[in-house]
Every structure is written in C-alpha cells, then in structure tokens.
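Next come two complexes, and both contain chain A; in the first it sits with chain B, in the second with chain C.
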Partner chain A sequence: MSRTIIVGGGPSGMSAAVEIARAGGDAIIIDSNPRLGGQYWRHAPVAKFSHDGERFFALQEEINRHPGIEVRAGTQVWRASYQEGVATVWLNDGTSLTSETLLVATGAYDRSLPFPGWDLPGSMTAGGAQAILKASGALLGRAVFVAGTGPFLLPVAASLVEAGVKVLGVLEANRVNGWVNHLGAIDLRKMKDAARYFKILSAAKVPIRMGYAIIEARGDGRIEEVVIAKVDRNFTVKPGTVEVHKCDAIATGWGFTPDLTIAHSLGVSTDVHPIDRSVVVHVDAFQESSQHGIFAAGESTGVGGVDLALTEGRVAGIAIAVQRGLISTVEAKNRSVGLASERTKIRKFADALLSVYKIREGWRSWLNPETILCRCEEVTFKQVRNVVHDLGASDVRTAKLLSRCGMGMCQGRVCGRMVADVIGAEIGTPATDDELRGIHNRPIANPISLQTLADQGQ
Partner chain B sequence: MKTADVVVIGAGVVGSSCALIMAEAGLKVIVVDRGPIAGGTTGAGEGNIMVSDKEIVPEIELAVRSRNAWFEIADRIGNNFELQAKGGIALSRTDAGMAGLRKLASHQNAHGIETIEVDGARLRELEPHMNPDIETAIHYPGDGQCQPMLSAAYFLRTVRHLKGEVWQRTEVLGFSKDKDGSITGVRTSKEEISTRYVVNATGTWAGDIARLAGSELSIMPRRGFILVTTPAPKLIHHKVYDADYVANVASDSPELQSSAVVEGTESGTILIGASRERIGFDSRINMAALERLAKQAISVFPVLSKLELLRVYRGFRPYSPDHLPVIGEDAKVKGLFHCAGHEGAGIGTAPGSGELLTAMILGKPTFMDATPFLPKRFQGVA
Partner chain C sequence: MKIYLNGVEVEATENESVGTFLLKRRQQVLRKTRFNDQPRGMFCGIGVCFDCIVTIDDIANQRACITQLRSGMRIEVTS
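The block that comes next holds the complex of A and B.
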C-alpha cells in the first residue's frame, strides 16, 4: 500500500500524521500554506505563539522526527479523483500522487456577509485580519472594529490588541447572555481561554457590544467610517440606534464554511448540517467517508474548533493505520482510549455554539441595490435580483451563471453560500440541500498554470 | 385547459430561438423545459457564432443566414448577450494544412463567406501575441460571438413580453393525437396544453421526445471540455484556431480529438475549446483532453503559458448520424417538428434554424432549401 495522502496540514492533518507515524506508517502532508499549522496555528517563518504554542511544537517535532512523514508545504492540490479504490491528487508543482488511503483535512474558510461598503479596502474577514497580522503586521497602528458573530471574534480581537492594534469595539450581532459561562460550561480549557481574552480586552478598554452589527462602511477609496446599529433577534436594524464611527479598518467574521472542494471531487457523501445548513463530509465512527479509504477530519466534517480537529485527526490516523494493516484493532483500541467520548463531548459543545451564533435572516435588509455581492466579478444585489425577476432564473446555478455571481477567482468561496441564500430568498424557496452541495463543486480546486497543465502530459 | 399555437419543448438556445421567432411572427408560444432555462448543453459551451468552420453547402447557408439573424435580433430586442462581430482566424503551420485551408476558403467564398488570406505582418497586427512561427492564416471577418445562456434568457424574456409563456421544471409526459395521428395536445407535469404544433428542441435528448410521440430519432452526445482561464487584460482579439479543428469537426472517429480554439470574453477570461469525444454521457474529467488543449493553445499563443486555468466546462453536443441538424416535421407524427442535433454549432445556427422551422409551420417559403435537414432522412421514409 502506498503512503497515505493527507490534504491539509492544520491541526487535524498534523495529528493524523502523528498517529500514522506512531503506528510505523508513512504519509505525505500537502498544504498550500508555506508552513504547517492550518488556520489555527498560522504563523510567520519563525513560529511564536502568544498561547497554545506547546501543542503545535509537539506535533511539529514528532512529524519532523519521523522519516516516513513528508511535508510538502506551499503546494496546492488543484484536482482530486477517486476511482476503483484509488485516490489521485494533482499538485500545482506538476506532479501527482495516488494512494489507497487519503485524509481530507482541508478545514474551513471564513463565512462572509455583505453590506454596503464591505468591498472597500480596509475591510477584512476576521480570519484574514489575523492572517495579515501574522504574516506582515500590516494592521499595526490602525483603529479597527471587529464585528460579526461567533466565539472567534474574541480571540481575533485579543490578538489584534496584543499586537498593538487599536480595537475600537467588538460587535456581536447575536445576543449572548453570559458568554463566559456559556463557553466554559463544558470545557475548562475554553473557559480559561475566554477569561484570558476578556482580560486582554478589558485591560485595553475595548467595549464589547451585544446585539450590534456593522451595517455599512464608507470612505473615499478605503474605509474611513462605519455605520453600526443595534439589531433585533432576526438581525434587522432597530430604528433610531444608528451610530457613525471613524475607523481605519474592520474585521468581520460570521463563522465558517467547511471547504469541501476536495471531498466533493472524491465523490464522498455529504450531509447538510441541521443547524447552520453547511455541507459537511459524512463520516462513520472511524472518520471514514462513504468511499472506502477516504477519511475526513477537522472542520471538513463540521465546524468545531481546534480541539475537535485534533481529536478527529487522531481517530482518523489510527483508523487509517488499521486499514493499512499497520496495527491490529486491539492495538487501535488501546491507542484510542477516551477519543470517542472526547469527540462526542466537543461536538455537542460545538453544535450548541452553532445554535447560539446563528446567522439570522434579517441581515439581508442591510443590503441596498448597489451593494456588491460577488467581489471577484463585482456583481450587485440589483443584478442578482434582475436575473431572478426579469430573466426568470429559478435556481441557484442559473442565477449564478446569468449574473456571474460567484464565477470569479475565488470560485464562490467568499460569496457562494451567502449568494445561495440571497437567491433562495428572491426565488421564494430556500436553496435545496443539493444546491448547497453544488457550491463546493469545483473540479479545478485551485487555479493551475496552463504551462504546468500542458507539461503534465509529457 | 391551456391553449397555444405552438409548444416548444426545450429552453436551450435552439428552443428559445424558435420561440422568439414564432412569437415575433404572432404565434402564441408556450416553452416547456423539465429543468431551468439554458440548463442543458447551452449552459455548458462556448458562444462562437462561426461561419469559418462550415464545409458542406447547406451548413454554410444555414450558418451565414444565422450569423446575420443574430445581429438582426440584437437590433430588435437589444444586445444584452455580449454579441460581438469579432472575426475568426484559421491557421495551419504545415503547407498541406494551409493548402487545405485555402481550398476551403475559396469554396466558402463562393457561397457567401468573406475570407481574407493574411501574411505574418498582418497577422501580428490582428493578434500581437500570436506565435511568430505562424506566417500565414485565413481571416474570417464574419465570425462572431455571444454569451449563450444570456442569449437564451433574453430571447425567452422577449417571448414572455410577447404574451408567450415559459414553463420551467415541467416534464413532458406524453402527447394527445386525433384519429389521424396528428398532434392535438401536450400532457405535462403541470397541465395539458392544447396545441397543433410541437417543436422538439431538446438537443441531446431529442430521441426521447420522438419516442414519446411514437416516432424515432437518433441524436447522440459528443463530450467536450473547455478550459476557462483566470481573467486577464485583453490579449486575444479574435477566435483563433488551427486547421486541425476543422478536420476534427468533420471526423467520424470516437477517440479524443482536440484542436484549440482560443478566444477572449468580455469578462476577461480566455476560453480554450474544445475537445471532442464520443463516449456517451460520461461526465468525468479527462486529463488528457485538458493537457492537450493547454498545450495546443500555448503553441499558438505562448503568452498563455503565464495564465492559469480557473474552471473547466463540460458539455455534450447533440449530434445526428450525418452530423447535420434535424429541422422539420416528423415523417410519422403530424404536427411534431424537430429542431435538434446541432452538434458543435447550435449556438451559431440557432436563429436560422428557428426561421426555417417557423416558415415550415406557417407554410411559408424557407430562406434555403431545407431538404438536407428534414428528419425523414433518418426515419425510413424516402
């Protein structure tokens, strides 16, 4: 059997690799980032973490120590296929790999909601802001609002503060009572984390406002001010609550969309999550998908945070070792002690968070006709309405193709889900499960140089 | 029960062209499609309106009329579908290939297609980025381009404004006939429509509708891939293809054939089409086809090596046994008119096909002798 292919070197991919190595197996981790770590441990060339660095260094050290684990960082999988029990991935360095076992550990990307001005320079996703900060520190000295919904707004705001950025406020659109208690109810580590973030934010006198949202950004060529407002439980603006504030930049986060591009190409069955309707890989207790030999772990099976990603990665790594005949099922049981219950516990907690931090439908009332929905192709809300109401587009795909919404460079990663929701609302029937699955249908997962493609046949 | 003068089955470019021209002629039209508008082959291909790749006289006549009809439609209903008269360039780097191209050009010229042989210097003016090893080519000012899905959608919008109707997501379940076997109605999953005329514009699936009506028709799928690059500033001004392409179109062999047709679009992406394979409705990606297209395109435009592949389109061209479209009344079922099997030319030749069909239904003279397109050639009737 050939070595296991691991697509994604975030927490789940790393922990799976370590389990495979411990079982005496070999694997190759492919990640488009220049370094291991994924979203959570994204870092500059010299890794330095304000917290939780120990787990990263331990994993990295073990991966480096095992000669059987190769890390191919800075490399993208641009296409994947699965036929007769064998997975093939094509890499943007012009090579391809095949294996009977493959782990999808592709994580998630930020979910965005549009509002007038969200396309101005200075507007970033929460994840993007953190990445920019870590890569270049370019936000230093700026005055920033952090807004959206979800537990990750806090760590993002805290790390901005720590880096010397002036955070003008954290706006959480949902009304979350006793945030700390809620987070801490299940997980001690999370409680400690949250307490730490609050300490950092309150020391810096950063106001945290519940039930508030950024509904517009303005500026001449880049963000100069934002309009914020109180929103009701459905995210509709409460009359008379509008405020205007000067700022240099904004970081907005609305949770995550699992990245199913590679999974979809491999033909695995997917589920539509009952709470947030995100598409996730359907896996069994061993993290194996509907395709024999194809496993999935981390955010690709549902958004759940770093601890869940680490746990699922371990389960998958051990199961792959069994499938490859590296260890017995008895041995696997010994190595898996506590993992299954840990996974159940965190998953439950994650689902609770998803329910609390849901995106409510009223956000669409922030749009005006000229608001850009698709930034790559500069398609406005009005244009999308037009293809539905004037041209008769009656489903998500047709509306996309006629308006070019989601057809640009990012292939709908930024706007795909949101546009599906907008189109569904305009048509009058919400996007179907299959339409939501269709968002992840990208046979070309990432752009590939034509020259590299041409040379492949030689 | 609903009544219509004509029911058009299929909301692709062919069905919507037929519907547009019939609605403009004053007929009450209902278009029925089991899917969304332009959800078939029309939503999966390029929008070349080509006169340059036509060889057989009836095809040339249909293509030339259609090309002009495209621009007339744009004048009538507004050009909302990116219609452009950008012109084509056919080239070959072998003497034999160029000899073949010249011969074809003079034949086409005799049948009304403008052709201009250009030398290297002129070629560089037309296409500055073209490989310098290409020294001569044929320029076809008549080749055009449109955005097929938008075209179908705007045609159907006009049909609705002319009191026609478009029923999406409506399955055709069967046909009602009178005692002579003539069509009297169409049974659909929505409701029955009383009509004397049905247009079968279901492309690759036209055989199914023929069977449902008690006749037969052989239309088969021919798979094609198109590469779509990341957007770039305008690099390519015409639709440029090497002569192998023309040879491929006419060929009868099932295995992979390809010859790059390179063109820029209004959105900045560059399209590189198209491969041709006859392997049924197999939707998997054939890497060899993609590699070959990339290689051929770069050999014509070396600058493309710097661009990236963003997307791949995959579609199935509807083709008939003799590779000519099937346009006209069914030999067995009165009132059933087919308009299908346009293969790799259905965008370009849709308006002319619609005009032929409308004239046939109204019993008016057709702009050309349509005998070579009549379905009876495959239906065992002389």
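The block that comes next holds the complex of A and C.
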C-alpha cells in the first residue's frame, strides 16, 4: 500500500499528517507554497507578523520528527484523477503519485467583488495584502483602506498598522447588529482575538466604519484615490453619502471561496452551501467524501477558519489510519474524544459568520458599463449584459462561452462565482447548483510546460 | 545575490518572491494587459489570479507572487 497523499500543507493537512504519523502511517504532503503553513500561517520567516505561531511550530516539529511524513513544498498538482479506488496526482515537477487514500486539504482564497477600478495596480485582496506582509514584510502601500465584509478585515488591518502602514479606514459593508440572531453561536476565543485587533486599531486611531464600502478606485495607472459610500442592508449606495479619499492602495475581501479544483477532478460529490452558496465537498462524519478513500478537511468542506480546519484534519487523519488498518476503531474512538462536538460547535459559529457577513445583492449597482468583471480576458459588465440581452444567452455556461468570462489564465477562480451571479441576475434566474459546480471544473489545475505534458500527459 | 531586472543587475536577497521583491522596490506595475494595454500588479498575492505574470528566464506568464527569487534570475516587467 502506498502512502497517503495530502494535497495542501495548511492547518488541516498538517493536523491530518500528524494523526497519520501518530498511528504509524506514511504520508506525503504536497503544497504549492515554498513552506508549510497554508495561507493562514505561511510559516512566516518574518516572525513578528505570524500570529498563532505556537500551534504551527508544534505541528511542524512533529511532522519533521516523523520519518514517515514527506513534505514536498513548492510543488503544484496540475492534474488529479480517481479510478477503481486509486487516486493519482500529477505534479509539476514531472512526477506522479498514486494512493488508495488521499486528503483534499486545498483551502480557500479570497472571494472578490468587482467595482470600477478594482483592476488598478494597488488594489489587492485582503488575503493578498496579509500574505505578502506575512511572507516577507512587503507592504501593499503606504496609506490604504481595508474594505469588504467579514471578521478577516480586522486582523489584516491590524497587521498593516503594526507594520507601519497608515490605515485610513476599515470599511465593513455589513452591520454587526446582525449578530443579535446568532448570540448562542459566539465563540469567546474569537471574541478575544477581535478585541485585540480593535485595541490595535483604536490605538492607531483607525476609523472602523460599519455599513460602508469602496464603490470605486481611481488613478492614472495606479490607485490614487477611492470613492467610498454608506450602503444600505442590501449594499445599495445611500444617496448623499459619497466621499472621495486619497490613498495609494486598497485591500478588499468578501469572505472566502473554497478551492474545489482538485476535489472536482477526483469526482467527489459536492454540496452548495445553504448560506453563501459556495460549492463544498460533501463529507461524512469521518471527513470521507463520496469516493472511497478520498477525504476532505478544512475550507474545502466549507469555510470555517483555522480551528475547524485543525479539528477536521485530525478527524480525517484518524479515519485514514483506521481505513489503512493502522489502528482499530476502538483506538480511533480514544483518539477522537471531543473532536466531533468541537467540530459541531465551531461549524455553528462559522455558519453564523457566513450569515452575518453575507454578500448582499446590491453590490451590482456599483458597476458601470465599462467595469471589468473578468480580469484575465478583460470582459466588461456591458459585454456580459450584451451576450444575455443581444445574443440571447439564457444560461451561465453559454453566457460565459460567448463573453469569454472565466476563460482566461485563472480559469474563473477570481470571477467565476461573481459572473455567475451577474449572469443569473441579467437572465432573471439565479445560477443553478450545477452551474455553480461547473465553475470548479478545471481539468488542468495549474499551468505546466509542454515538455511536462508530453512526458506525463495522456 | 544578483538578479537581472529588465537586463539591469540588481542586488537581491533570498527567501523572497519575485512579486514582493518588486513591490519593495516600489514596482507596483508588473505588466500591461494584452487587449486594452492596461497596467496590472499583484492582486491575490497567492497564485490564484494570474494578474502578476512576468517573464522569468525567457519563460512568459510566470506568477511573480509564487515564484521564489534565485541567484542570476532574469526578470522582465513592463511598466
């Protein structure tokens, strides 16, 4: 039996690897980053910007200590398949791996919304701004706005402040009184984190404005100013609230999109999340997918944050150990004490977050006809409207094919969901679950050279 | 270590991506788009969006944000 393949070396992949190793098993972790840690930890060489470092170093130390765990960092999976109970992944270093057990731990990336000027240099995702800071101390700008929705905006703004960036404002498009309906789900540990971020931001006199959004960015070749406005509960601009501010960069984030590319290639069943309609891997209580031997943990099963990823990773690692005959089900129960209830509790909190920080439909009113929707193929809002109203496209796929939205180098990772929502609104029928699933169909997950294709492809 | 930026020898440090290295040099613009000739820089910062693509060692369309600097690397940006 070959060792378990773990695709993704973030919190869930690392915690699963540790459980497999503790059970005496072997695993190989593949990660596209040069280091373990995923987007959350990034194993920051600039230690100052790494929060929550203890848990990371403990996991990394245990992974390093086990000879059964190999880490192949800086390597991308460009193709994955599942046939007759065996998973195969092809790597961009020219090799391939097969195994009867594989963990999808591919994480998530920022969900983005378009607005006029979002393609200007100086405009980054909130996660991107955080990533370059954590990875090497690079700053997206000197005077910036952080905007969008969700609790992630706070740590991003706080770490920028700590790095010496002038944060001109944190704009949260939603209103926190949405929490009134979810008080039972509040996670006190997370509240402590939030309090720490608020303290850093208030010490730096950073205005935190609820119900505000960046509706436009302007500048000659790069961002020089932004237009911000108060928005209503549906994200529509309130008349008379528009302000223009000078700045040299912006970081915007609208929650996260699970990366389902590899999961989709493995043919696992997926669900459309009832709250944010993101596509997630359907898993059972042991984190196993509809395909025997294919497990999933962390954001790929629904955005839930680091604590949920660590818990799901442990559950998956223990279940893989059982499936491979390394430990008995009785031993697995001993190792799993408290994990299931912990998972339920954090999931409840994560779902409350998704409800409070939901993307409301009024964002489409920020678009003007020339606003770029698909950054890769430079497709504008007007062009998308035209394929629906002039060319008669009546479903998401046809509208995408005719407009080329989502058909560029990123393969719709950035615009896919948002374009599906725009097309759905123009057609008058929201994108169906299967149309949303189709966004994640990327048979070639990452660019490869023709040489690699010739050597490995079939 | 030395690298070459648009043919000019530049001092660089290890453990840095091409993207963050260029940003620290205040190089916000990395390329012009192929249809509208519009400037683009790093957007997602984690290899998802392909906005920061540059030519590295004569190979086009390399993501600056996830490519680690190596000694002697030749990077071409358009700004």
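The working rule: the second predicted complex is superposed on the first by the 433 of 458 C-alpha atoms of A that agree within 3 Å, B and C clash if a C-alpha of one lies under 4 Å from a C-alpha of the other, contacts with A are read in each partner's own complex, and residues count from 1 in each chain.
Note that a residue touches a chain if its C-beta (ideal position, glycine included) is under 8 Å from a C-beta of that chain, and two chains touch if they have at least 3 such contacts.
Source: prediction; values computed, not measured.
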item	value
Contacts of A:447 with chain B and chain C, given as first, second, both or neither	both
First, second, both or neither for A:297, with chain B first and chain C second	neither
Contacts of A:409 with chain B and chain C, given as first, second, both or neither	both
Which of chain B and chain C A:394 touches, first, second, both or neither	first
Partner chain(s) touched by A:33 [first = chain B, second = chain C, both, neither]	second
Overlap of chain C and chain B interfaces on chain A (superposed complexes)	377, 408-409, 447
Chain C contact footprint on chain A (complex, rising order)	32-34, 39, 45, 74, 109-110, 119-125, 127-129, 131-132, 135-136, 138-140, 221-222, 259, 375-378, 408-410, 413-414, 447
Footprint of chain A on chain B - complex, ascending	36-39, 43, 149-150, 153-154, 156-157, 160, 166, 168-169, 227, 229-231, 267, 284-285, 287-288, 290-292, 294-295, 297-298, 304-312, 314
Residues on chain A engaged by chain B in the complex (per definition of touch)	79, 81, 90, 377, 387, 390-395, 397-398, 401-402, 404, 407-409, 411, 442-444, 447-451, 453-454, 456-457
Chain A-facing residues of chain C, complex	15-17, 19-20, 23-24, 28-30, 33, 35-36, 38-51, 53, 61, 65-66, 68
